[in-house]
Amino acid sequence: MEHVALWIAAFLTLGIYSFLYKDNIWYKLCESIFVGISAGYWFVVLFWDNIYGKFWVGVFPPKAYNDAGELVNSAEPDYLLIVGAVLGVMMISRLIPKIGWVSRWPLAFIVGSTSGLYLINYFTSNMMRQVEATIIPLFGMNYELSAYDIIGNLVIVIGTFTGLVYFFFSKEHKGWFGRTAKIGIWTIMITFGASFGYTVMSRMSLLIGRIDFLFGDWLGLIK
Amino acid sequence: MTMVDIGRLISLIFIGGGLLWLFISGLKGKEVDRRIIFLFIFLSVATPILFPITFGEKATPVVKAVFDKVESLPEGSRVLISFDFDPAMAPEVQPMANAITRHSLTKGHKVIFMSLFATGQALLTQSLRKVVGEEFPELEECKDYVNVGFKAGNEGVLNVIVTDFKKMFPTDVNNVPYDSIEVFDGIKSCKDIDLIVSIGGGMPGVKEWVLFVGDPGNVPVAAGVAAVVAPQMYPYYPEQILGILGGVKGAAEYESELIKNYPHFAEMDTPALRMMGPQTLAHMVIMIFIVIGNVLFFVSRRKRRGK
Amino acid sequence: MKREIPLLITFIVGVVLIVSVFVPPTETLGEDFSVFFDIIAVFAFFLGGGNLVQSHFSKARKRQTDWGYSIVTLVGFVAMLTIGLFKLGNPGGISAPPTAEGSLFQEIFDFVIMPLSATMYSLLAFFVASASYRAFRAKNREATILLVAAFIILLGRTPFGMLVTGWIPESFDILQIPNMAIWIMNSPNLAGQRAIMIGIGLGVVSMSLRIILGIERTYLGGDD
Amino acid sequence: MHVGKSTSLYLPQLFFLFLFICNFLLLSLVYAQTDDPLLNSEDSSVAIPDSELVVVAPVTSLIAEDYKYDDGKQINLSWVPSIDDQLVGSKVLGYRLFRIIDDGKPELLAKLRCGANSYSDGKLKSESVYSYYLEAFSKNFIATSTRTVPISPEREWINFDRKYLFLLAFIIGGAVIFFIESARRGKKLFVRKIAGLEAVDEAIGRATEMGRPILFIPGILDMNDVQTLAGITILGRVSQQIANYDTKIRMPVSRSLVMTAARETIKAAYQTAGRPDQYSDDMVNYVTDEQFGYVAAVDGIMVREKPATVFLMGAFFAESLILAETGNSVGAIQIAGTARPAQLPFFIAACDFTLIGEELFAASAYLSGEPKQLGSLKGQDVGKGIAMAAILIGVLAETIGTAWNVEFMNDVVRWLTILFTTQ
């Protein structure tokens, strides 16, 4: 079994890599296997997790017994979940063209709840928290800061400030405003360059992992 | 000269020669096909794997901080290592988990293993089998270490265990009840743990550990993360995270520090150090390609201006 | 009406969720709604999974190009559903979790999906190289800054960074490439990240309000 | 009007539904066999060996307090540990916390380690009354503390901890609504050009000229992510343009709900453009929820159908570069946008135009060109102004305050920090 599995894995791995040269039968085969099996996999997992684990168990909580066989406190059923199921059934109404428009209700519900939830979430974690984090002293008398730290703090403050200027929509990037925005976009470019360079290593690790598998586990070339 | 040396020499000559040739044709203004780049990346990674090439690593302060913390805790301290990663991230971060596990067990700490990723549990079992099973056969489960496995609920789990560990983990993976596990003696919540190490860079991961356990519970948290997320962790260092192992390089630094202090580890598996060979070579190749790209750009611009 | 009711639902749900943040008794509403979402998503899968079956089925029936692959997809999908939903080959039987260790379902995941997934992911190693070759050229000032930042970081990730700049004396150690790399990551990089994040925070507020107020309503379709 | 479609097309879906129903029946079977392991584990008590009696003092100052600003579910306990609880050679081995609900029997709530001095008891009911006491135990002696005064957790209706969040959100949200309103009343508002969005028209035109399809990827997350919502709203604008030009759009998605939403969106766009007959459900199809399975399929579509234009708008993870590089290799014009900072560099490197973070959320408003939509962008700028002012004032005040110890400046910083602190 192990052996067969190894060969299957190697076959699939090489099939995907063959795409780097060009699209071909082998890749198409791997792709179609991948799509079919993974779609099935996720549905099953979501089904058991959500429909069974969250909905069913929530509405009909399992009863717990102690050693003597007496019923001990069991969780209270959460009938609110039925609303979710009703919305879900509304979603499927699309299958019947005549009442298909009902499916917009759950959609509207989802869009509304996503907007409402994220509005506050993003506002606090992205806006407020970042502003708060940027309120830093450039230098202080009470404690030691090296010259690098001072320059670093200055760069953080100026970079954040000018970066925000760059995102301003109400003013054309011209004159002093344009020049400030320019510093902002440079900061953002450093950010992008740096993150890109930094990421290379983890991407290589993934390839190393696969080559390790091919040469080591499969071909046995590495001791 | 062994076969390995010959192989290494030939491949390095091939890579070096090929790049030189591409550089020269770049001077003539010839673009490189992306498939040739792919080939060189493959070669630069495969060569050091087949014919090991290692480069020395010196631990940077961020990594040293984690090592020193584990080193300085008194014997019998409780260390929690959380495997918060999935198979896709594993090649990069599992070596860190293994190295810290080795170090903690060597120091005689009692280790609690857990995972916030469903797929992390299998990787955890794998690490236990490999590191604990093979290298520390004398240690007893539940007495010297315990594996409580995966619990669904992401940061919800953390929110609970910061005040009550047993509530989330009534038993370990083998259904041994919490109270009969020696490791948990006197441990009510995460606040009673001496060091938390979260390995993984996804969601939930280090950030959640810091926000839900480290900060509220005032527990030292160390992090091992994929290189991609490491920059996002630096702002937490050193106040909220005591040290960070970033990517394979961080793991390699930890391993070399481990070997420096405990020479017998040199004979054991040091996957991160081994992995740094292909890393370094691949980084060099990419940098050379960037240079070639720029040479090409300036050559073609001069040509255009010439006309 | 077919359009007004959904708009009303979006409005009410959105406003209620925003208000609930400030009213403790309704604080858990957000979590409840996320669970609703999870349940709806599974129901929606009938449409998605149905679409998958339908499109590949018709492709195979009409013998369109590459119809053979459609059959492979279909077989894989149906097989996985049957095995997983009825827990075939699961040592724990019907009450065990479908992904229990040793179950056929999980084994297919380990032996088929995992290598495919990891390999797809690893394609990035190649694409990172080809993208940096093409994009990191000193075409203008912005591109040059991008290039220089990336190059310093790349050098800092190898022992060569120390090799090239290790001679720089201690008092100027910031100029040593590994230190410079960390400084870039922690200062300008952080500044850029923050500016982007603050912008995103505000962008979300504005877009969410447009949606909740019904100004943005393209997603709701027409009046048929 | 609905375009007539025979029900036979829905057969596979109905089959699927049947499978589902069968399965639902199975649930009851599973249900019968599972029980909750949590409640079945027995609590083991501490064995006390016979030897010399080790007397310890009880804890003192045990206080139970209602946790403020919650739904009446939590009580916080604090106490001063027993004087015999010491770091080294402690006589106290630990504590046992007991709870009494409504004058009932005391129940063991928790076992705590030495040094513990607080506990929060959650999931309570505001109708009940609770009191607590602690036992400090040595190996053979138990010292019981006094009981706390019975209290019940109170339910608060407004969380005053979040008043500043409310204030800020109110100002910025209010600014957005104010500008939307003033635009609606006909006030002219200026919005600068956004390069990536200026290119949208041209990119669609190019696909029309070349006779090749346009590929639209809304990211890999579901409708419960705000970036996907942004992607769908952009799709609304883009598909209107596509319908006008009568170009082909191809949209593989990785979530079923996104598929449904995208279909509604495109259909509406075709109706607005007056070509409802040109719309077909086949424009959008579901692939798989699996991240890389989806990527494999999209890559295949890219090399086989060679789209002239690719839109990547939404939440992207590692796949960003795989998709963008493949799109680039087939010579497509690529316009990308995401709010995930980690993926932006890859789009910058491999795509022709990239919407950075905030621009993604602004895109749909910008593309619509409607004054009231543009007004919301103005409101955003007010938020940016507040952020910039706070940073500028805060940094100056903090620098002056720490460097020269100016009390007034420290107050300013304190005030700003409170304003921007989130609970």
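So that you can tell them apart, the chains are marked A, B, C and D in the order they are listed, and the count of residues begins at 1 in each.
As a convention for this text, a contact is a pair of C-beta atoms (placed from the backbone, for glycine too) under 8 Å apart; a residue touches a chain by one contact, two chains touch by 3 or more.
Because the structure is predicted, anything quoted here is derived from the model rather than measured.
Undergrad: In terms of Cα-based centroids, which chain occupies the most central position?
TA: Of the chains present, the most centrally placed is A.
Undergrad: Measuring between Cα centroids, what's the chain most distant from chain C?
TA: Measuring from the centre of chain C, the most distant chain centre belongs to B.
Undergrad: With respect to inter-chain C-beta contacts, which pair, A-B or C-D, contains the greater number?
TA: Of A-B and C-D, it is C-D that has more C-beta pairs in contact.
Undergrad: Taking the mean of the C-alpha atoms as each chain's centre, how many Å separate chain A from chain B?
TA: Whole-Å distance between the two chain centres: 20.
Undergrad: Indicate the whole-number Å distance between the mean C-alpha point of chain C and the mean C-alpha point of chain D.
TA: Computed value for the inter-centroid distance: 13 Å.
Undergrad: On a C-alpha centroid basis, what's the spacing between chain A and chain C, in Å?
TA: 4
Undergrad: Chain B to chain C: how many Å between their CA centres?
TA: Using C-alpha averages as centres, the distance is 22 Å.
Undergrad: Could you list the positions in chain A whose residues touch two or more of the other chains?
TA: Touching at least two other chains: 16, 19-20, 28, 30-31, 34-35, 37-39, 41, 43, 46-47, 49, 51, 91-92, 94-95, 104, 107, 110-111, 113, 115, 118-120, 122-123, 125, 127-128, 131, 133-134, 157, 160-161, 164, 167, 188, 191-196, 198-201, 204, 206-207, 209.
Undergrad: In chain B, which residues are in touch with two or more of the other chains?
TA: 34, 38, 41-42, 45, 88, 227-228, 230-232, 235, 249, 279, 282-283, 286
Undergrad: Mind pulling the chain D residues that touch 2 or more other chains?
TA: Within chain D, residues 2, 10, 13, 17, 23, 30, 34, 38, 42, 165, 169, 172-173, 223-224, 226, 229, 257, 260-261, 264, 286-288, 290, 292-293, 296, 341-342, 344, 346, 348-349, 356-359, 362, 377, 380, 383-384, 387 contact more than one other chain.
Undergrad: Flag every residue of chain A that touches chain C in the complex, lowest number first.
TA: 5, 8-10, 12-13, 16-17, 19-20, 28-41, 43-51, 54-55, 58, 80-81, 83-85, 87-89, 91-92, 94-95, 101, 104-113, 115-120, 122-123, 125-128, 130-131, 133-134, 148, 151-153, 155-164, 166-167, 184-201, 203-204, 206-207, 209-210, 213
Undergrad: Which bits of chain A are touching chain B when the two form their complex?
TA: Listed in rising order, the residues of chain A that touch chain B are 20-21, 49, 133, 194-195, 198-202, 204-209, 211-212, 215, 221-222.
Undergrad: Looking at the complex, which residues from chain D come into contact with chain B?
TA: 37-38, 41-44, 94, 110-114, 116, 119-120, 329, 342
Undergrad: Going by the contact rule set out above, which residues of chain B touch chain A in the complex?
TA: Going by the criterion above, the answer is residues 35, 38, 41-42, 45-46, 49-50, 88, 90-92, 152, 226-228, 230-231, 235, 247-249, 275, 278-279, 282-283, 286.
Undergrad: In their shared complex, at which residues does chain D touch chain C?
TA: 1-2, 9-10, 12-13, 15-17, 19-20, 23, 26, 29-30, 33-34, 69-72, 155-159, 162, 165-166, 169, 172-173, 176-177, 180, 222-224, 226, 229-230, 232-233, 235-237, 255-257, 259-261, 264-265, 267-269, 271-272, 276, 281-282, 285-288, 290-293, 295-296, 318, 321-322, 324-325, 328, 339, 341, 344, 346, 348-350, 356-362, 364-365, 372-373, 376-377, 379-380, 383-384, 387
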